[in-house]
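Some structures are shown below for you to check.
You will see two complexes here that share chain A, one where it goes with chain B and one where it goes with chain C.
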Partner chain A sequence: MTTHAKTALGELARVRGVRAALMASESDGLAAASVAAVGVAEDALAAFAMALLRRARMANAAAGYGDTQFLALDASRGRLYVAARGDLGVVVLGEPDANTGLIRVLMQRALGGLE
Partner chain B sequence: MTEHDANAFAEPLLAFVRDTRVQMGLVLETSGRVLAQHGFTRSLDVMSACALVSAIHASAAELGRHLDGEAFGPLHHAGKDRQVFLAPLRCDGRTVLLLAVFDGASSLGIVRLFWQEFARRVADAPRAPTSGAAPDFERELQHNLAVLFGRA
Partner chain C sequence: MTANRVRRWSEELARDPNSFAFVKLADELRRRGELGEARAVAVRGLERHPYHADAHDALARVLADEGQTEAARDEWDMALRIDAGHLPSLKGLGFLAYRIGDLASAERYLRQARARDPGDEGLLRAHERVNGELHAQRREVKSIDGNGSATNGNHAGHTGPTGAARARELFAAMLGDGDRTALLLDHDGLVLAGTYVDERGRERGDEIGAELSGVSEEATRALLHLELGSWSAILVEAQHATVGLAPASDGAIVLVAAARDTHVGFVRRLLSQARDRAELWLRGEA
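Here is the complex of A and B:
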């Protein structure tokens, strides 16, 4: 894991309401680096989030909307955020009241720094 | 394949295939005896796959014992369009193998995740004691491998 990735995930994990932040590849759904609270199944989070990203990409491509760069899934007890560039995705699991704007900026910064 | 084996492995395998969206799934003993399958269209394919998977596992396990002191765990091979995941699991004192063949509709992460769930389901399923023939065959296979690697 690069120093940038460690720093980026650390920044995301420090945002109030964030329970887990990880980097994974879409092609295999495996986490390359992660920071997570106790009780969060990181492997499951990476696998399901990347599967969701793949489906979203297929749907957007089929609709002619181009590549999927960011998706957010709202549930009654939490939110899932996925930002992607190429095969790499950044996944954040947050509480319902987590700061979506800040999380999104940090996720894009995390991806940008890996180029 | 006994009726008990069919019940013990068929339903967990079906759930595994449904959850992971793999194209083909196969459960077998290390001797190559099939316990359950899903997605194979011809019986010959199943037999060929069982023989190959059994040989691959035996080779990989022996290599693991030589290099690492114990048999290697799950094995993954990625092709251009398809991938295979081969994993052993302990069940009633014997090793059972799971083979999954998948494409872009699934991923290694998903398959690995539900392989653990499959192992839990198999462990929870009721089954009858295994017959005496397969362990004998397995012992013989292990002995022959040991001879082959100069350990006997």
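Here is the complex of A and C:
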């Protein structure tokens, strides 16, 4: 894991309401690096987030909407965010009232720094 | 996870090529949007089990997702010749008939399906909705007869919007004139209402639906595992559009899309309105 990735995930994990931040590849759905609170099923989170990203990408391709860059899922007990570039995705699991705007900016920054 | 199921059924087929696991495998691949693979698995299965109604149903579902309506109908017809009361085929044919606006046939198939499975609430609602639209259509025809405004007794296509046409226009009023679209997809990813036409004038709802087939079920299962409760919305930002998804009754999904420069908050609002409208329509009240 690069220093940048460690720093970026650390920054995300410090945002109020964030329970987990990880990087994963879409092709295998496996987490490459993560910072998570105790009790968060990181592997399952990475697998589901990447599967959801893949679905979104295929649907957007079928619709002619171009590449998928960001998605947010609202659930009754939390929010899931995925930002993507190429095969790499940054995944964040947050509380329902987590600061979406800040998280989104930090996720984009995390991906940008990996280029 | 779906990958595990696919692996398990693939292994079962590798061990025993005569296994009926191909039916589940083909349907799982179809739900994942891997239509080419799904079709290949279903066709190979059919070669070994040509008199198995579920095998014809598996292939028909893939063909329906691919937009090959006639071929799908042939497969479901074949399944019914093998098993006259084959429930998935009755549902499939009912759905195809509804999509092309043949409400009488849709009602007949769904009535037969209900007789086979009276406890299926989704089927009950679908039948009631089709029945309601069929009666409304007949009333419209009668009304035109009474007013003497139809000529030569030929009302086809001139009796106001049919049920299928109304379904296509379900979201039109709330979408306005902007670059926006909305679809209601059933749990198999088949388009129930709304429309998506690309810049070349091609209807793309079926393709989008095929890619999203089963996504609600997958999300529900994964969120349960992650202890996140039930999902209420997914917002996706792509290069050229912002897309919103929301769950509706019976595993259906509402999709709205707007040009990328549309504020995300507005897309959320559209999504909420579309979901409310879809729920009314699913209950036969819109």
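Here is the rule we go by: the second predicted complex is superposed on the first by the 115 of 115 C-alpha atoms of A that agree within 3 Å, B and C clash if a C-alpha of one lies under 4 Å from a C-alpha of the other, contacts with A are read in each partner's own complex, and residues count from 1 in each chain.
By our rule, a contact is a pair of C-beta atoms (placed from the backbone, for glycine too) under 8 Å apart; a residue touches a chain by one contact, two chains touch by 3 or more.
Computed from a predicted structure; not experimentally measured.
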### Query
Is this a clash or a fit when chain B and chain C both end up on chain A?
clash
### Message
Looking at A:R77 after the superposition, I want to know if it touches chain B, chain C, both of them or none. Which is it: first, second, both, neither?
### Response
second
### Query
What is the contact status of A:S27 with respect to chain B (first) and chain C (second): first, second, both, or neither?
first
### Message
Tell me which touches more residues of chain A here: chain C or chain B.
### Response
C
### Query
Counting only touches as set out at the top, which of chain B and chain C does A:A56 meet: first, second, both, neither?
second
### Task
Quick one: classify A:Q69 as touching chain B (first), chain C (second), both or neither.
second
### Message
Once chain A of both complexes is superposed, is A:A46 in touch with chain B (first), chain C (second), both, or neither?
### Response
first
#### Entry: Overlapping contact positions on chain A, where the chain C interface meets the chain B interface
29, 44, 47-48, 51
### Query
Contact residues on chain B for chain A in the complex?
104, 106-110, 112-113
### Query
Where on chain A does chain C make contact in their complex?
29, 41, 44-45, 47-48, 51-52, 55-56, 58-78, 80, 93
### Query
What residues on chain C touch chain A, complex-wise?
1-3, 33, 196, 198-199, 204, 207-208, 210-212, 215, 218-219, 222-223, 225-241, 243, 257
### Query
chain B touches which residues of chain A in the complex?
24, 26-31, 43-44, 46-48, 50-51, 54
